[in-house]
Structure formats: structure tokens, C-alpha cells
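Here you go, one structure.
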Amino acid sequence: MNANRPPILQLDRVSKRYGPVTALCDVSLTLHAGEVLGLIGDNGAGKSTLAGVISGTHRPDTGTVRVDGRECHFRNPAEARKVGIETVFQNLALIPTLSIADNVYLGRELYRGGPAGRPLHLLDKRGMRTAAAAGFARLGVTLPPLTTKAAALSGGQRQSVSIGRAVMWGSHIVVMDEPTAALGVEQTELVLSLIERLKSHDVGVILISHNMDHVLRVADRVAVMRRGRKVADVPLDGRVDGTHLVGLITGAIEESRR
Amino acid sequence: MIGATHARRAASGHAALPNRERLRKVVTTAASYQSGGLAIALLLLCLFFALASRQFLSVSNLTVVLLQVAPVGLIAIPAAMLLLAGYIDLSVGAVAWLCSAVFGILVVDHGLGPLPAAVTALLVGGVWGLLNGVLTTRLNASPIVVTLAGFAAARGIGDALTGKVTRFGFGPGLGWFGNGHILGLPVPACLFLVVLVVGLYLWYSTPVGRHLAATGADRESARAVGVAVRGLPFWAYTATGVMAGLAGLVIVAQLDASTVSIGTGIEVQVLTAILLGGVSFQGGRGSLWGVLFGVLFVGILTNGLVLLNVGPFYVDVAVGGVLFVVALMDVAYQRLEKVPVAAATAEAAPSRNGAVA
Amino acid sequence: STGETVANGNSKTVAFGHPASSSSIYPLLVQGAQEEADRRGYDLLTSSANMDAGAQVDELNTWISQRIAGVIVAPVDTAGMAPIVQKAKTNDVRFLAYAAKSVPGADGSVIFANREGGELVGAAAGEWVNAQLGGRAKVALLTDYDQETGKDRIDGAVEALRAAAPDIEVVATQEGLFADETLPIFQSMLQAHPDINVVFCMADDGCVGAEKAFLQTNPSEERKRLMYMAGWDGTLPVLEQIATGSSVIRATAVLDLVAIGRASIAATVDAVEGGGDTEVVIPYELVGESNPQRAQEFVNTYDAILAAR
Amino acid sequence: MIGATHARRAASGHAALPNRERLRKVVTTAASYQSGGLAIALLLLCLFFALASRQFLSVSNLTVVLLQVAPVGLIAIPAAMLLLAGYIDLSVGAVAWLCSAVFGILVVDHGLGPLPAAVTALLVGGVWGLLNGVLTTRLNASPIVVTLAGFAAARGIGDALTGKVTRFGFGPGLGWFGNGHILGLPVPACLFLVVLVVGLYLWYSTPVGRHLAATGADRESARAVGVAVRGLPFWAYTATGVMAGLAGLVIVAQLDASTVSIGTGIEVQVLTAILLGGVSFQGGRGSLWGVLFGVLFVGILTNGLVLLNVGPFYVDVAVGGVLFVVALMDVAYQRLEKVPVAAATAEAAPSRNGAVA
Amino acid sequence: MNANRPPILQLDRVSKRYGPVTALCDVSLTLHAGEVLGLIGDNGAGKSTLAGVISGTHRPDTGTVRVDGRECHFRNPAEARKVGIETVFQNLALIPTLSIADNVYLGRELYRGGPAGRPLHLLDKRGMRTAAAAGFARLGVTLPPLTTKAAALSGGQRQSVSIGRAVMWGSHIVVMDEPTAALGVEQTELVLSLIERLKSHDVGVILISHNMDHVLRVADRVAVMRRGRKVADVPLDGRVDGTHLVGLITGAIEESRR
């Protein structure tokens, strides 16, 4: 992709332990604008932990995160959001008691117009419903009415909401942790096409997935995690196929690259 | 397109039952502003008292009710916000007494004017609340243990400061604050209304309400989407402390005396009102209108039983009986509501299918 | 009879605002109050405030806005009554104070000679200490600082005791009013001071708990002989023990509860109708080892009333 | 093979730090039997009282402490199980009084023998608890509202039945029950120990404990795997009712009198002990050993403050201060524990890789 | 398959509504011993609701469920378990505060031997840990130590626990709601082989999945859900391929069969 431009995201020797379990060990990573980076690895390899470090839910023990060259120490996910990092969490991070629309705008509500709207923080509830509906429509995501509580959605519908939210807001970097896990065939196609669209808008995307087909279809480069370490970082230039990736994941093939 | 089939199906289900849907919509809307069967129970209670006592519906008695609910109501507004976010404050009664004690000492023993003394007292309440907030939201100490500690400590400090000796004679200025009227409404009732309006504004018109609810429902997810899961309860604690102080001062003003029994048991009344109002004990769900109904319910019940001169042995039986009825109405209401809740999903316009991007 | 008007133009109802509705003395007071109200042709309202100052103010506000004829109030807090008295005046409701020394502006009062009652017990205890212990004794106090009555009774007693036996030593003071409160407290006190000789309980209820805590230690007859417990009010269990003379509860200062109930409503009705004495002081009567037959008389009267209910 | 890499990694992490691991194991094991810093706080408290008062550690005083904690302890065992499953009972104090009242009336007014009267009284407690259970677990009524109703109603019924007149003079049989000794231990303390042992057995040795915890942690998932998410809390309510009655009778036996103030505020003491003991307010987590420590903590604190004759103004300050310290110790403990919790995952033998089936 | 034997599970005209939303409408279904039935459909088509009806978490509004010919009205999942129905729920149904071993045995704990063990319901904690470890080992599922709390597991590890639990216990019917959604490549292979093994043990399996490859590989027959209705029920006899199944899901191909 745009390897000659400076990376928008740079992780340097990031480590994270849970007691004696080393979830991440000296992981370095780069992401460029308009690039889709596939992040693959076995269950428990540390992918979600890495995503958490990038999106501010986890604080690394050591190592640094740089966004657009500036070092960031996220104390919470709100700070990561502020520099333009959107995340589809593996647990989806939806509030079951709130409606779909409320979930989409939670933490960045729209305010009413008029002189009082913004200073008084007056919620524009109708506006948010309409805008969320328009947003999902624009993305091609169709859902039950947006006043439905998240608790009443099917597994796939929930995932769609979470993805839609991230894509709607994501202007710079989008991290997706197994976004297609619960999705149907058509919906999966849609998500892959959304990723391509993000890419064409110069957004950097990190895609965590266990589905090699999906990774091979949309990713420009693949980083492989094993036991908390990054064991490979290969561009997908046509010479790499699924079997090769699986080999890297399991350790049948050894390769190490920065 | 994701869920297109679903939207179509839902829409058709909707079209089939226009009248039932409209009814459901009314019930659902009502449900979002009251809680369980409480509003109905409150109406029935008023009806009963109105039939049983000629005085009940008199303007003077209703004014008295408003006057009586003010202290509990003042505290219940921020305390309901705390509970919505999954936190609790058991120290409010003790803090009310501590603030009253500080006020009494400053005015009577040190000759300070009522206004600076009141400001200092409220400051004490605010600082105590702030302390609760720091311990629970920053240090993750148990809200129960911390505020139970405050429950004992604040009362003890008040007792020790005053030696349990009542301070009295604060003069007419303070008297107006407790017993005066503005446009026919008692001043404490006006204070309550102002706080209520601010509370309703925060709860329903700004992001505060939904952020608190999100914090109470799923703290980690709320944090992940950028909700200030520490900041909001922190400020709610502080506000609760200030309001506890204000409630204490209102009682002092009414009594024209700062006396040790102030605030005793007020935390139970506040919690009763909030929980009757349907705020979930675990946080995450609740309506401030429901809390208002809860506050009024407790106040009207007390007032009505005195009006009817229910013998002292039977007051508790009556209160208990009424609460049982409220619990059962809530059960009945839940069953009724089951359908409407899902119905709410069908009535809004389904989002249209856009072209795949 | 609520429609009738009386001297002040309000309804023919009076209220007995005694907030200690959980206390076991309460039924006897109400008995006397009811008798007198019936005799004078008034309806009687009773309290449910249960020692809560706020609840009491609410209750009084409710009554006054109902424009009853008169109310006699045992204030949870005396000083807090001023605005209520004001409100009563504007509504033409007679306001009398019960058991409280002074409520400014009240139309009358029924008060107890608490200090004197305290001295009565203290003096009796002093006599006993001098006779049994040669003037030396360890004293424990179980009281309630929230109530002025308690302060007066206990202070009066300690003062009188000290006057009679200057060498006594107060070794423990704790708050505890009811039997189930004083039981564990006195259990602990006895651990710290197994040689306590004199216990003053602000209310007779507390004596029952303290006595049981003492008996739990399996005291010898000799030890029992050196224990003196005394209280105030004259409740049935305590009077019965004094009457049989077998207990370490050796004295109580009795307030004749039925008579007080009567006197309270009499004074209130007098204030409503004008005339009569509206400033009543009720003396205490010491009942103890010297006059167990007096205790038996009270027991008989109370038993008869309670049996009739 | 799933997670093989993980197991290997974890094992190697383990091997690297044998001593630290052993320390962690000790801390972790200790943690599972106490809660937060409470056991340490309890030790410190005892140490302080032992230094400050010669009597504190005497056998007779420790016996008195056991006697004193019995009523609260009896109720706390089943009530802790309720809270673990996410339910609460605020009516225990009132039920204790109701049962005492029934007992007093049956014996004194109706001349029934103490034993059948006691059985009837316990039955009343059990039925009340059963009613709480039916309303909350079967009809899904709010546990708070229902038991708050009981809090008022049971006390009111007791008051109405007795006319608030104390019944006394139950004879020596009952006296033994309150003041007698078995092997040097006061009978109420023996009762408490029996109930405690039964509670520990249910909590730790049978499925009951984990089923209650699962119900409190995630009701739907627990139901999905076959936990009796209604039945268990139902029985816990019933047991709590019976134990409230028993606690009432213990007090009656000690006083040889059934008097209106019995049970007042006992619900607060019970909740304090349980929550201090670390049972989560939201249910799902907690240790019965912790609850025992909580019960002892409350009892020892009360006893010690009387021993030291801390002035009445300062008792509350002391209690509050101590609770603050407990809260802070808990915070410190959480930080310490963070590492050990994860460590617990490493020390058990990793499951071996089997052949793929 | 054993179509000549009577079916072990029979659903007859089962319907279920959530208010105005018809999640299931007149669905009839059969399952034979040793048969793997693929259950596919769009997000929100009603698959999880159907699984819930079979496993006792949801009660149908109308219609009957028969197991081994006997009509069953499950009032809770425990009753379904009793007749031999095990389920991997889409939400996994793990208690986060309990350890892996405790989760596996929750609701059917092992008791100690000796005369007191069973009558006193004495938990055999060590026995359960060992047996669970042996069970996972036998299945080839490897996990962090079994004393780890479920809350500390990665998404895939949790799913492995849930699957392992169902397979260990499932003696008659096993319902799996998207069991491979969060699993890595190898782990997925393992699960598919587990399904085959269940089949060879004469267990009936219902496999809900969005992955057509997986369905095609292990299922003997496929039922397709659309908008709460069963719109197709086809044996996988080699003539059916992924494109065909996707057509049935989306409605591009119409076919209705009982």
C-alpha cells in the first residue's frame, strides 16, 4: 500500500502479562493509511489483548503505541477514540438495556440545534435515530427498528450493530476483532465490502479473524501471533495461500519478520 | 443486506394489528415514565385517602405533603442517579446530621451568619460526598462498606462536635427557609421542585442519564465506548452529599433547631422511594419519574395514615400491606408489559435498505 | 362528634403526641388519655412518630392543618417546637408540652420532676451503698443522651448518690435504652468491671437486660447481695420483681402512667375550654425494697388494665 | 490441539518463579477463605483490643462475645446464601420480633408449654420466609419491596398482637436455652456453631454453594445448565425466616422477656456482617468464612468499645473509622491479589494433550 | 443415516412470537440417531430460538416437541438435559466467576465415594478436576489449567470449554449453536471431527452454522430457516452445494419440503 508514507499506527515492543501468563511479548507492529492488516493466530495467542492495547481497554506493561508518530498512553478507550481509533470488540460492547440507536451514539451523543442545544447538552433523540438509520442504510446494514433494545437482538444482529457503529465513526483506524464470527453469508460479504470501502477512504484497518479466506480476500498484509509473540509479518502478494498461513499459525512454518 | 428479511417480517406483523399496537404504544410510553404498577398504586392510594378523609385533598394538606417529602426528595434525586450507575450511599442521614451540627455550632457557638454557616455546612456535605466518590470510584473500595463507615462516622463526628446538645434560635431568616412560602408553595417544596427539574433535565435531556444507566448495566462495555464510568458516579456522590446537607438544613430551618435525631433513618426512606420508583437494585435500569412517584408515595402514605389516625399498632401493618400491594401490582404490570416491550421494537420505522456500499 | 365546635372553633378532637409508641409504657399512658378524653367528650388522636424528630414534625403539621382543638406533645426535641407552636397559634390549635421543661409559647405543660426523680433514686442508692459497701461502689450508667429526660434522671441520680457516698466511682457509661440493647452492653461491661455494684438505667426496660446479663455470670448469693440496679418509669416486669423482692433490681422511680395519661388530656382540654390548671408537674414515687407492697399495688392496677384490653 | 501452546507457556512461566509462586499460592488460598483484607483487619482489631484491655482475651470475655454474636450470626448464615444468589431479606428483624411476640403470647396468655410455643413461633418465621420466597422467586416480585413490606408488616402484626406489652416469666427451661452452657459454651453460641457448620457444609462441600453463586452471577446461564435458580433462593428465604425466628427466641430466652424492641436494627447488623465478609452486593461472589469473620468483626468491635468504655459520642466515630480502614485494606488487598488471582491459573497441573479423537 | 428407525427428536408445528415478532412459525423437524442436521439461515431467521425450544430455554407458544416419541414440555433446560439433550448455547452459558472445571460440572456435580458421599452430596472437587481434565484430553481439547476462572479465558477458549462440556455429556442429542464462530483453524477441525465422532456413537447432532463448508462437510441433511419458517429440508447427497444452500437461505431458490 502506502509504505512510503509514514505509518499511522506504530506499536513498539509491547508486552502484557496477566500474572504468570504472558499474553503479549515484545510485539511490534505498523499500520499504514489505507492498509488492511490481517491479524491471525491460535485461540489464546494474544490477538484480543493486542487489540485491547490499541483501543485503550488494556494498558501495556511495557512498550509504546504511536498514532501518526505521536506517542499515546491511553488511559481509557475514550482517549483512543479521540485520536480516531474505532473498535469492534470481540464481546461487542453493547449495552443490553439500551436501544440500538442509543448504543450507536453512546459516548458521542448528538445535541439539538438552536442556541440552547449544545451549551445545555440537549440530546437530539430523534436526530440520532434518524442519523443512525441513515448510517446503517448507507452501509447497507439492515436491522430491526432502531428502538429495539440490544438485548432483544439475535447474535448476528448484535454483531451487525457493533460493526455498523465502528464503521460509521471510524475515520482513521478501525480495529475489528472477529467481526464476522456470528454473521450469515450475505452479511459477511457485506462486512468484507465495508472493509474495502474503509480502505478506499484511506482508513487503516486491523482485521482479526480465524477465517483465512476472508483474510486472504481483504488483507494487504498479515501478522501472525503465536503464544503472545508476533512470529510473522508477511505481505499478501499472491504467493501466500491459506495453507501457508495455517502453517505459520501452528508453527509448522517458522518465519520471523518485522 | 443484513436483516432485510427481518425488517420486512416485523413490519408486516405490525400492520396486522394496528389497534392493539396503538394500545401497546400507550402502555409502553407510560411504562417508560413510571415504573411497574407504582403510578397506578399511587393513584389508588390517593383515591382511598380522599374517600376516607375529607382533609386529604385540601390545599393545606397537599401543601403539607409537599413540605414533608422535601428532605427525602432532595436526596433521592442524586441518590437515584448513583443507584442507576450501580453505586449506593448509606451515609446520607448521617451526613445530613453532620451538616446540621456544623451549621448549629457555627451560628450559635461562633456567631457566624446563617448564610456563610449554611454554605460551610453544604461544603462539608459536598466534601464528604466527594470523599465517598474518591474511595469508591478511584480506589474501587466497596460502596457499601465505605458509606456504611460514613453512616457511623459522620453521625459520630456530629455527636462529638455538639456533645448531642441541641442548638436553636437561628432567627427569622432561616425560619423563612424552612416555613416560608413562594407563590403559595413552601420554600422546601420549591427547593425540591428545582432539584427535581434539574434532575429530570440531566436524566432525560442530556447524555448523563443514559451514561449512568450504561455504567450500571455493563461497566466494561460502557467504558469501552467512552462513557466516564468513574467521573459520573463521582459527581453523583458529591451531589448526594450536598443534597444530604441541604435536606439537613431544611429540617433545621423547620425546627429552628439543630438536634441529634436529624437524619435518622432518612437513608432507608430515600432507598425505599428510589426502589419503589423502580430503579434496579443492581443499577442499569430506572426512571426518575418513577422515583418522584416513589417519593410521593412514601410521603402520602405517611400523611394519610396520620390523617386517618390509624392506631400506632396498625400503621406498620398498613405500610407493609401497601408495600405488598405495590410489589404485586408490579408483578401484574410486568406480565402486562411483556408484550409491549417487544412491541416497541416494531413500531418505529424500520431502517431502509441502502445500496451495498 | 367531629362536626361540633368548641371554645376555639376547631373540631372536638385532641391529640396525644407521645412519640415513644414502641415503648411498653405507652399502652398505659394511652389508657389514661383515652379515659379522660372519653370523659370529657373528645376524640383522641395518637402518635406514630416512633422517636423520629422529623416524623414528629410531619405528624404535628398534619394534625394542625386538620385544625384539631388541641395537642399535647412530648417533643423528641424541645427546641425544635418553636415553629410548630407558631403554626398552632395561627391555626388556633392549643399546644401543650408533655414531659418537656419549657416550650416557649406553649399553652401549658405536663412535666415530670425528672431531676427530683433522679435524686430520689440516687439517694436511695446512696443509703444502700453506705449500708452494704461502706460507702464505696463502682457505678455503671446505661442512658440515652438523645433525650433530656435521660440526662436529668441520670445526672440527678449520680449527684445524689455522690452526695451520700462521695467515694463512689462511675466506671462505665454507655448508651442503651431497651432490654435487648442493654443486655449485650452490660455483658461487656461486666467483663471489664466484674465488680460493678450500682447500675442506673435511664428506663426500667434497660434494667431487665442488665439484670439478665448479670445473672448470666452465675453470681453467688454474696455477689447478688452486692448489686443494686435501679431505673425509672415503673414498668410491669420491674415492679413485679420489686414486689417479690427477690431481684437485684432494688428500686424504681415510678410515674403513674395511667394518671399521667389522664392528667395530660385533662390539661389539654382545660386549655381548649379555658380554665383549670394547664401547668402540671408530676412527681415520681420511689418504689423499692422498703415498700414492696406499693409495687404490688401498681402491678395489680396495671394488670387489670392490660387484662381488660 | 486447542491451547496446547498456552499450557506450555503457562507451565514455563510457572517454573521460572517457584518461590514467588508458592507465596502466591498461600495468599490465594488464604484469599479464598477470607475476603479482602477482613481477616487481617480482624486480627489487627483483636491485637489492639488485647493490648488496650486486659480483659479482652479472657476466656469469659470471648465466651460473652460468642454469646453476643449468636443472634446476628444465626441469621447471617442463610441470609448470606440469599445475597450470594442475588436476593436480599430486609424483614429479618421484624420477623424475629413477630416470632418472639407469638411465643410470648402463646406461653403467657394461652399457657402453652415453651416447646410447642417455640415450634409454632419458628413455624411462623418459616412461613413468612416461604412467603418471601414465593413472591420473589415464583412471582418475580422485587425482593427489596417485598421484604421492606415485611419489615413494616411483621413488626406491625407483632405490635398489634401484643399491644406492645412485654410478656415475661417463661421459666427455667427457656432460661437454659438462653443462658445455659454445653461443654462450657453458651447454648446460643452452640446453636450458632451448629448452623455455621451446616452452612459451611452446604456452601463448600455440596453443590448448593456453587449453584447459588452461579445464580447470582448469571441467572440465565445458570438456568441453562440446570441450576435450580428458583428453588435454591426459595429455600434460602425459608431458612432465613426460621433463623430470624430462632434469633428472636434466643433473645427472648436471654431476657426471659418478649419485648417490643427485639430485632430492631438486626437487619442492618446482618447485612453489615455479610457485606464486610465480602459477599458481593450484586450476588455471585462471596465466602462463608468471610461472613463468619464479618459477624465476629462486628461483635468484637462492639464488645471491645464497651470494654474500653469509649464514650458514647465516640463509639460511632470509632466504628466508622474502623470500617473505613476495612474498606482501604480491601483496596490494598485487591492490588496485592491481582497477581495471585492469575497465578492460580498456573499452579494446577495443566491438562495434558490427548490424541485428537 | 437411520431413516428407517423412528426419529429421536420430532418437532411438530412449533411457533414462537416475541410480541409482534414471529421468531418461529409452524416449524416441524425430525432428527434421527447418528444423524447430523445442519440448521442454516440468515441472521435473525430464528435458529437460536429453535435451538432454545429444543433445549428447554424457550417454551414454544404452540406446537410439540417429541423425544424418542414421547411428548416433552420442558419447563427449564434441566428437564431437557434429563432426557439427554445437550446444548452449546450461542452465548456459551458459562459462569464467569467459576473455574473451568466447575463450569463443566455445574448442575451435575460428582459426589465422593464412600458411604457418606452420595447421601450427603459431598462434592468430589478433585475428582471433577481430574475427570474434566481427562475428558478434555480425550476429546483433544487443550485449555489453560482447569482452575482458571472462565472470565480469564480468550473468546475461543471459552467456546472450547462450552463445546467440550456438551460433547462430554451428550449421550443422545447435541445441539450446537454456531460452535465454531470464535475458533481457530485447528480448533475448528477438531470440533468437526468431534461431531463426526458423536455421530459414530449414534448421537443425533443439530449444527447451527453460517459456514457452508462446515455444514457441507459434516451434515447429512440441512434445514433452512427464513423469517421464522423452515423453507427447505434437503439431504446432502452430493448434488447440493454451497451456492445452492446460500440460494435457499436468501430466497433466491424456493423449495419447501418436510
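Labels A, B, C, D and E are assigned to the chains in the order they are written; within every chain, residues are numbered from 1.
We adopt the following convention: contacts are C-beta pairs under 8 Å (C-beta built on N, C-alpha and C of every residue); 3 or more make two chains touch, one makes a residue touch a chain.
As the structure is a computational prediction, the values presented were derived from the model and not from experiment.
Asks: When contacts are scored as defined above, which chain pair ends up with more C-beta pairs, A-B or C-D?
Replies: Higher contact count goes to A-B.
Asks: So which chain is the furthest away from chain A, centre to centre on CA atoms?
Replies: For chain A, the chain whose C-alpha mean is farthest off is C.
Asks: Provide the C-alpha centroid distance between chain B and chain E, rounded to the nearest whole angstrom.
Replies: Result: the chain centres lie 46 Å from each other.
Asks: Would you mind pulling out the distance in Å between where the CA atoms of chain C average out and where those of chain E do?
Replies: 73
Asks: Could you work out how far the Cα centre of chain A sits from that of chain E, in whole Å?
Replies: 30
Asks: Note the residues in chain D that touch 2 or more other chains, in rising order.
Replies: In chain D, the residues touching two or more other chains are 2-3, 6, 10, 159, 163-164, 312-313, 315, 341-342, 345-346.
Asks: Can you list every residue of chain A that touches 2 or more other chains, as numbers and ranges?
Replies: Those would be 18, 21, 42-45, 91, 144, 152, 156-157, 160, 183-184, 186-187.
Asks: What are the residue numbers in chain C that touch two or more other chains?
Replies: As it turns out, chain C has residues touching two or more other chains at 21, 26, 145.
Asks: Which residues of chain B touch chain A in their complex?
Replies: Against chain A, the touching part of chain B is residues 1-4, 6-7, 10, 201, 205-207, 210-211, 213-214, 217-218, 220-228, 284-285, 341-342, 344-357.
Asks: In the complex, go through chain B and note every residue touching chain D.
Replies: Against chain D, the touching part of chain B is residues 36, 86, 88, 135, 139-146, 148-157, 159-160, 163-164, 272, 275-276, 281-282, 312-324, 326-328, 330-331, 334.
Asks: Considering only the defined contacts, which chain A positions touch chain B in the complex?
Replies: 55, 57, 76-78, 81, 87, 89, 91-98, 102-103, 106-109, 120-123, 129, 132-133, 136-149, 152, 156-157, 160, 183-184, 186-187, 190, 193-194, 197
Asks: Taking the complex as given, what residues does chain D use to touch chain C?
Replies: 53, 55, 58, 60-61, 64, 67-68, 159, 163-166, 168, 179, 186, 251, 254-257, 259-264, 302-303, 306-309, 311-313, 315
Asks: Give the list of chain C residues in touch with chain D in this complex.
Replies: Touching chain D: residues 21-24, 26-27, 145, 171-175, 177-181, 183-185, 187-189, 191-192, 205, 208-209, 212, 215-217, 235-237, 306, 309 of chain C.
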